[in-house]
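I am attaching a structure below and will ask some questions about it afterwards.
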Amino acid sequence: MAALVERLYPLCRSITGDGVRQTLAMVGESIPLTVHEVESGTEVLDWTVPPEWNITDAYVADPSGRKVIDFRESNLHVVGYSVPVHATMSLDELAPHLHTLPEQPSLVPYRTSYYEPTWGFCLAHDVYESLVDGEYEVCVDSTLAPGSLTYAEHVVPGQVADEVLVSCHVCHPSLANDNLAGIAVAVNLALALAEENPWYTYRFVFAPGTIGAITWLARNAERVERVRHGLVLACAGDAGSLTYKRSRRADAEIDRVLAYVLRDRPHRIVDFSPYGYDERQYCSPGFNLGVGCLTRTPYGGYPEYHTSADDPAFVSAESMADTLAVCRRACAVLDRNRRYVNQFPYGEPQLGRRGLYDSLGGRSDAKAAQLAMLWVLNYSDGEHSLLDIAEKSTVDFEAVVAAADALLAAGLIKE
Amino acid sequence: MAALVERLYPLCRSITGDGVRQTLAMVGESIPLTVHEVESGTEVLDWTVPPEWNITDAYVADPSGRKVIDFRESNLHVVGYSVPVHATMSLDELAPHLHTLPEQPSLVPYRTSYYEPTWGFCLAHDVYESLVDGEYEVCVDSTLAPGSLTYAEHVVPGQVADEVLVSCHVCHPSLANDNLAGIAVAVNLALALAEENPWYTYRFVFAPGTIGAITWLARNAERVERVRHGLVLACAGDAGSLTYKRSRRADAEIDRVLAYVLRDRPHRIVDFSPYGYDERQYCSPGFNLGVGCLTRTPYGGYPEYHTSADDPAFVSAESMADTLAVCRRACAVLDRNRRYVNQFPYGEPQLGRRGLYDSLGGRSDAKAAQLAMLWVLNYSDGEHSLLDIAEKSTVDFEAVVAAADALLAAGLIKE
Amino acid sequence: MAALVERLYPLCRSITGDGVRQTLAMVGESIPLTVHEVESGTEVLDWTVPPEWNITDAYVADPSGRKVIDFRESNLHVVGYSVPVHATMSLDELAPHLHTLPEQPSLVPYRTSYYEPTWGFCLAHDVYESLVDGEYEVCVDSTLAPGSLTYAEHVVPGQVADEVLVSCHVCHPSLANDNLAGIAVAVNLALALAEENPWYTYRFVFAPGTIGAITWLARNAERVERVRHGLVLACAGDAGSLTYKRSRRADAEIDRVLAYVLRDRPHRIVDFSPYGYDERQYCSPGFNLGVGCLTRTPYGGYPEYHTSADDPAFVSAESMADTLAVCRRACAVLDRNRRYVNQFPYGEPQLGRRGLYDSLGGRSDAKAAQLAMLWVLNYSDGEHSLLDIAEKSTVDFEAVVAAADALLAAGLIKE
């Protein structure tokens, strides 16, 4: 995953353009992708797909002709969606187009202006302070023209058509944790699921933030009805512990599953808020999907956030592996979390004559298995899921699943 | 408010009679009142309006002819609704008619006997202890005769016919906190609301306790159905912090509003109990109105309660102003606490093209306003009120209202 | 109760057989029982009544002919439902049939094998360790043959046909706390209730564990629908404090009542689990009765559990009396916990003209009684029971009942 982050890092992504296409091409080397191109001007829900933005070069040269800001050093130096400009101007005229972080003077901020045509540069405040008076040459060699918005899907087929959505944004330029780490974890989650013949169909969406998710939602009205659960993955690689942000429903099954999976490790669970990543769109009141958001340190919660310090050194293979492990476990629980109905609900069915009872007692593993079966039998009333039963009984989910399997095989419960 | 308390203090109020009429006349100098007279004998719910009681003088003179108890010194000296008597009797015969507070020997208690015909005097236990044996002259120059019960209403018209009821009892004689302070706060709340073109119609009821509220309820069966919220005001002027007693419903909107308004200051919130002031009647199970009770130190909670120590010095202008401020804020929240429906519930509507989005970020007040709009949009599903949204988001209620106003103006939400 | 425990202790009970019959005969000396015999082979829910087991003698004699394990010393020495055997074998052959508690080496465990035909002996691990090599004579003089399962009922008639079930298992051999103490408490509860003309009909079921309760449920399909509440009594005599295990419903009336009755004393309340005593059957999802389980130290919670140390010295008359007192109080609350409807729900009805109001105040007991009446009036809306009102008001349940009685007599509330 760390290697994928390194390779993706230099690309200049935005909400449209070749940087996104190159990113998806690299992802497609690991998992097959269906890439969608949606024409500029297409109406998507309340929005319109914007013109496509591409950029080849950009710089600011000082009165001596030295490039003091250079896109080729870092794509963060240019405000995303900057309109083309080539001019000479005084520092005073230039200044309103320069963005810095006075409180983090050595870092370059990340800024965009997708829907208001302007141009600008981002630079370290230290550099800004060193600029001398005089005439500056300003160049943004970009195009903003009819084209298309690009997003991609990858599907891991399941046993049922009901879907689990895994979504991550692919529109940020050279920022590693936000969201190359999320992309890397998603790719590896897809690879892992493909080997497990999952119950649900897992759909991975790689799309630019906001407009990409909105475009996907607009073009998938029918599919949305099949989305039972979902996760937005972001900030998946920093050193912090995991944070799960609940869906708007607050008690959706995905919320229960993540709480269960995270319960034995340091973590935070926060309520839904209409700010952050694309859960904003999936959880808008009209859709109100059971989609939560899993991050390590969340949105805006670390000083490197949206700055040049969010580089590949800021994320670690260990953290991404840890995020992936939690995702895999969550999918495993989700996949087996079903409701059964006890076929012999009056009194306990006799386990002994079905070979499910250790008659003379003694072996503690047999006892534990019997106890798990009694829990599953008693609460398999069509209302309680196996996760409900695991939580109620404090029996491990896997042991509950094993008990359910034994009872299913014996015909004592049915779905 | 302190001046009004001072002026009202000397009047001898009871559940009927001229003391109530004089009180309402003084209140009417500040706000126009509709005064109602309800004839003795009128059946009101399970009760009957009692005969009217008036009193001109009362005293007990000791064997030497000295008036040891004198109504003209304080109207608390006579048990409310005492029947007329003029007789001479020994101290032993007199004693069962004398009421004192042995544990607060310098204070005169407040006692009444509305529905059981008797007469009596209240006096300081110290004075009682000093009484010598001998013949005492006893005089209660009162009348208990067919007449009427008096109560009054003041209405601040609102934009809708739905009403907020503000009720306070006007039947206690010379007791300042209970309830002249409540009357004074109610009068000033009415004056303040009149300048604010409120949403709700605010109805102020000044009525004797229990029988007055019962009479109002009996005569206003249709109006009661328009009462959406209400507050009983009492003990509004002592030095204690505020106590809000929930309506019987426990989660009525008024309960939510008061909890919100009080949250940042020292306060107590207590559950409904069928004891206290006229919330007992408004919250009887047949009506079960959303009416709470706001006091400072509540019913029976201070040693001066129902004694001669509850005099104008016991209440302060500051305390009454504080109670008034909370009432005004509660009315302001109530008035703007509405539910809206997002007209673009699928995905986020694009704020930018409607001029509601600060595209390049930066200004923190613009950010806060956008965040408030996102909260209002996401939760304006017809179920969540603006107060719900304020509580969920921890955005100030006023900022939520401002966001809702902007979204209303842009046609993004509707009522 | 201690005497009954002593008398019942030596009998060799199992899930069928003469030991159960003798036990029920002794119980029948205190309270009349209807004894039921259900033929072996009868199908009961998912189970079949097993063959009847009886035993006259059993021993193991060592190579020297000395009886090293002897049923006549303690019936715990034989695994319950051991098939007959008379043979000579080496210690190695014998060993798999011997059960000990290596961690409690001086105690004899209690073991059974009802549904898998085998034989076995239980003995102290210390004795086991002392066994020498050589040939052992093994004798189990038992019969396992068509017969019947025996259980008994005792009914205390109530004013209504709705029933409260009190159930205890009678299948354990010489174990005092589990469950002779439970039997003794049940007998005395029945005697006490008979003197109190209870509201509910109380049905006491004395039956072998699991198969007995299942048999009762199978044969009483119609009666089960009349069971409103129930208690399983077990482990009623040890020195520990009381534990109440909630019914599967978790908020059944019996759960509320036991929580109320236990609230002022050391106790534990635990959620339902499908393990323990016959609440497992009564609370199986098809029946889902409001039946909880009252014990002192619960199932498996004390080292003497299911060993020879659970002898009459382990239980005390005081503990059984304490359990009985709580059962009686629970029945008293249950019996009077009804819902009434205020006939004058609009405003407070006038208590004074009905002689229910202490007009001039003063007497604190009269005040308390009035307050209790106001609570009952306000919450008698058909939804709140007297127990709800006691909990809400913190007025003692008995005072709430007294208030309800006064209001019933005055026609102010009705059932």
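The letters A, B and C name the chains in turn, as written, and every chain counts its residues from 1.
Everything below uses one rule, namely that a residue touches a chain if its C-beta (ideal position, glycine included) is under 8 Å from a C-beta of that chain, and two chains touch if they have at least 3 such contacts.
In this text the structure is predicted, and so the values were computed from the model without any measurement.
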Fitting subunit B to subunit C on CA atoms, where both chains share a sequence, rotation angle to nearest 5 degrees: 120
Copies subunit B and subunit A - interface residue numbers shared by over half, same or different: different
Averaged-CA centre spacing for the pair subunit B and subunit A, given as whole angstrom: 55
Residue numbers of subunit C (touch at least two other chains): none
Contact footprint of subunit A on subunit B as seen in their complex: 342, 344-350, 352-353, 357, 359-361, 371, 374-375, 377-381, 392-393
Contacting residues of subunit B [partner subunit C, same complex]: 45-47, 79, 111-116, 118, 120, 210, 213-214, 217-218, 248, 271, 273-275, 280-281, 283-287
